[in-house]
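Naming follows writing order (A, B, C, D and E), and every chain is counted from residue 1.
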Amino acid sequence: MNVLLKFYHRLGSPREFYKISSALIPWLGWTSLILILLASYLGLVVAPSDYQQGDSYRIIYVHVPSAWLSMFIYVVLAVSAAIGLIWRMKMAYVIMICSAAPGAWFTMVALITGSLWGKPMWGTWWEWDARLTSELLLMFLYIGIIALYNSFDERRVAEKSTAILAIVGVINVPIIHYSVEWWNTLHQGSTVMRADGPAMDVRMLWPLLIMAFGFNLYYGLTLMQRARNQVLVQEARSSWVQSLVTEREQQ
Amino acid sequence: MTSTLYRLFLRDCKHHLRKQSDILNPLCFFVIICSLFPLGLSADRELLNTIGGGVIWVSVLLSMMMGLNQIFRDDYEAGVLEQFLFTHTTLTQVALAKIAAFWCLSALPMIILAPVMGTAYHLNGDQILVLMMGLTLGTPTLALLGSIGAALTLNLKNGGVLLAILILPLFAPVLIFGAGMVSAVGMGLPVNAQLSLLGALMFGSLSLAPFATSFALKNSLDY
Amino acid sequence: MTSTLYRLFLRDCKHHLRKQSDILNPLCFFVIICSLFPLGLSADRELLNTIGGGVIWVSVLLSMMMGLNQIFRDDYEAGVLEQFLFTHTTLTQVALAKIAAFWCLSALPMIILAPVMGTAYHLNGDQILVLMMGLTLGTPTLALLGSIGAALTLNLKNGGVLLAILILPLFAPVLIFGAGMVSAVGMGLPVNAQLSLLGALMFGSLSLAPFATSFALKNSLDY
Amino acid sequence: MSPTIDSTIPDLQVINAVVTRSDLELFEPVSFNCTRGQVIHMVGQNGVGKTTLMRSICGFRVLHSGQILWDNKDIEKNKNFYLNSAYLGHRDAHSPLQTAWESLHFYQQLYTPGANKGDIDPLLNKLDLLAQADVSVDHLSFGQKRKLAIARLLLSERKLWLLDEPFSGVDRAGRELIENIFVQHISSMGMIVLTNHGRLQNSQLLGCVSELELFQHNIMLKEL
Amino acid sequence: MSPTIDSTIPDLQVINAVVTRSDLELFEPVSFNCTRGQVIHMVGQNGVGKTTLMRSICGFRVLHSGQILWDNKDIEKNKNFYLNSAYLGHRDAHSPLQTAWESLHFYQQLYTPGANKGDIDPLLNKLDLLAQADVSVDHLSFGQKRKLAIARLLLSERKLWLLDEPFSGVDRAGRELIENIFVQHISSMGMIVLTNHGRLQNSQLLGCVSELELFQHNIMLKEL
């Protein structure tokens, strides 16, 4: 417990964060790469083709992980926003704002792969069905968050404002998830995340889970990198960054 | 506390009425958007009935959004908002009073006018009733959530359109339930579930939005 | 004369781009309104195809209107507008440059995005083509007519919504022809007549609106 | 209304205040105390940060470092501070839709609910605004707006006045009048913190003034 | 640029000017001439109508009665007048999205298309704004904005300057600087019409100043 608490506090300081992330980044990078390659092999080669959809279902290995992540990242964003507001932690805001862009990208990927998949499955690129629309709204939320943050010139104000928006917007996440149950939609109901366990061939399921894990680590990686940049920019005038710069120059 | 709220509420109403068009405007806007659609589409009875509920809801939503941008702006730009900090009145009270005044003078008239519009779109009696109930439960939520957005974008130059982007995703659930009810009732389906969801959304936002708004207001004084 | 216009045009474009969201915003707004309707109505393919043209046109119109309010306001409130009187530049040139910049940064992206939206509403290839042609001919008219309204409401506190009321009726003909074309082509009817009418409206407003606007601008300096 | 007075403790204490704009420290750390009957006159060249400091003293902005205390407690969320002070910034804080009379009435209700409406007319008269009582605030001239803001201060009956260029746009007679109002406020144990580019002229007032000069600094932000 | 100079005709003539606000005549009819090398200093209590008269001289408002002539021709639609004068009102006329440098560059292009960009930096330096060259106008302090507006005047190279309270918010050093700028302008046969509540201090300038006092009138509108 004590160790955890200490770690948490260390993460809370930009300088410590910078050090810790330097150590973490290679690990995150390599594991995510390995997992993604492994899952691709399992998914594209080992897993059998679907008796209905043939091979076109394999896009699931990109679509579903990125769709999950688009929601997960939003939750991360909202939680760090809350932490930032309540405990006034600098790093929480950094995590918040650095999550926005990856979140938007994953949402974008989910939308694009979804509509690529939709064409063979439903015969259209786009359908105004509840889940698709709410995913689109999530995209708007991300855009709104990024736009709002960039509209302020005093960072202190931007952070708080964005945090409020992020927290208010979190109601959209359950709406996206449950939309398939609340409304009659074209989109697949929950097949993996079900109370009674996943309804899917295990040979298809495993690659999906591995891929999802790999994507998650990849998100962690981009988050770390973005956060490091942000920290450097924010603390550009502090002595530890200055000394970092001089170190670099000497090398 | 109540009397302060009431006094602030009255002041805001008076201002809106003095500006005259402030009440009339969203109303006119509402009427105009509602009438644009039959122009843009066609006057087919069936079609109008099908889209009626949706169009009226979307018009209400857009009209309210047009007004939201102004809800705190006058007081903010004049420097009145910051003066409230020096009084017993809290920004939460200020926010609540302003939201209430805004609702009374923009949403309420639209709710009252909704039957007329409904008739124009050939909605039947039940549908109109459900439309009005939906609007009564839904518009406070829109005003409350919208006020958060309005407070957030207060010290931005480009507030107006950014505001739209920020709050439209938040408005979507209200729209879905509200407009969904009208079509459901047209098909003879029950609408209790949607009504209670709308009610829940209203109470939820009523209990949270004023605080979020007042926090955002305080934040926008930091320049 | 041309170089002044060009310089003013560039300056305005630069400002819009600097505000960043000024270009993105009407665009996002357009996309959002377009996506609200299916939420409020239903996802029925047939229905969406029928109303698609109308909805996209109405969304374009509303998005442009949201932006119009700002077209002269910044310069007016800062007191820059009155300074133009002291230069070789006429207010007509100023108005033209601002309208052009506004069109390029708000209408043009929407026209480019229209096919995407059209697909979402299941419009067919011909319809999308006609939609884009209509928007190309119609949006300049909207911008030009709208600028008159924007100039007229410049020294009013409640400009925004009043502006909407003033200009929406003026926009009606454009909307009727523009959206009408999309449905007509869906039914295999010819659309030459509408196209030439839209063209005529555009040239008509191009030759008159800048002068009306500059007169209204001059007038709003008298306070 | 206030607790028993301990005259050894200054009411407003500013300790090593540093304010920043876009990560630049504006001036060298500033400390001062303000006790009853005292006027602090902040001076400094344009852009040195007077307005920024004033807004920090009001609690609108957060200080980069340093402290601002009222009765020995930080002013943040210190309701006691806010109920004992009044602020006049570059903006006059009249809502443009009210008339001059209504604006004052509105503030009277906020400051002291249930106060007597009849007090407003004499106040307007004092500031030579009685003829404008029913004119919309929007239509007042530049200087008239400023005078109306001073009337609001008087209405507030607060101990500490925080004034950012109170004389800007005010005519000669008005200036003398306002300085007299300051003298009265000070002699009834009030406090004033003000910025002003001209010199104060009233000799009685000058006796209580401490000048506080801000010096430009503009060094890079130090680590917290 | 201007036609041959006939020094017996004053360049700006204001003849029996009467301005009204909501059907009230503000002050007694005013007449004055302004010739090269002259400063007209309008004074009058707050709300007497200085700003209103100034805006009429600019042609933004229509006079209730009387005439304003430039080179013996009415100023309405008189391009010759507009191309020889520059106006600075209560509002500074910088568009908030530009930086200080850009704002000046923009005006330079408008006033004298094709002028040399390099002239801007020295001008900013002269007004002590060089450090703010790349700061958004919106972020300048109150006095800095005012100084930037004075820089615009210099850029315009116009003969007649119409200035409404040019010193408001400007610090002591800036005030002296601006008065010196006025002296230079006057000595190169420029003209200035200004309002200002304080007294002008530069002795050289005072030599050219004619004070014009506006007296409150406020009688009901006479039948035309």
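A few points about this structure:
In this section, contacts are C-beta pairs under 8 Å (C-beta built on N, C-alpha and C of every residue); 3 or more make two chains touch, one makes a residue touch a chain.
Just so it is clear, the model here is predicted, and its values are computed rather than measured.
Of all chain pairs in this entry, the one linked by the most C-beta contacts is B-C. Relative to chain A, the chain whose mean Cα position lies farthest away is E.
When every chain is reduced to the mean of its CA atoms, the largest separation from chain C belongs to D. One finds 32 Å separating the Cα centroids of chain A and chain B. For the pair chain A and chain C, the distance between C-alpha centroids works out to 37 Å. Shared interface positions of chain A, i.e. residues touching 2 or more other chains, are given as 133, 137, 140, 143, 147, 151, 153-154, 156. Chain contacts: chain D has residues 22, 62, 96-97 touching two or more partner chains. Multi-chain contact residues, meaning those touching two or more other chains, occur in chain B at positions 19, 74, 157-158, 162, 165, 168-169, 172, 176, 222-223. Contact residues on chain E toward chain D in their complex (touch as defined above): 21-22, 44-47, 51, 90, 128, 131-132, 139-144, 146-147, 165, 168-175, 197-198, 218. The residues of chain A lying in touch with chain C in their complex are 124-129, 133, 136-137, 140, 143, 147, 150-151, 186. By the touch criterion given at the top, residues 130, 133-134, 137-138, 140-141, 143-144, 147-148, 151-152, 154, 156-157, 160-161, 164-165, 167-169, 171-172, 175 of chain A touch chain B in their complex. Across the interface of their complex, chain A is touched by residues 145, 148-149, 152-153, 155-156, 158, 162, 165-166, 168-170, 172-173, 176, 212, 215-216, 219-220, 222-223 of chain B.
Within the complex formed with chain A, the chain C residues making contact are 20-21, 24, 28, 31-32, 35, 38-39, 43, 48, 119-120, 122.
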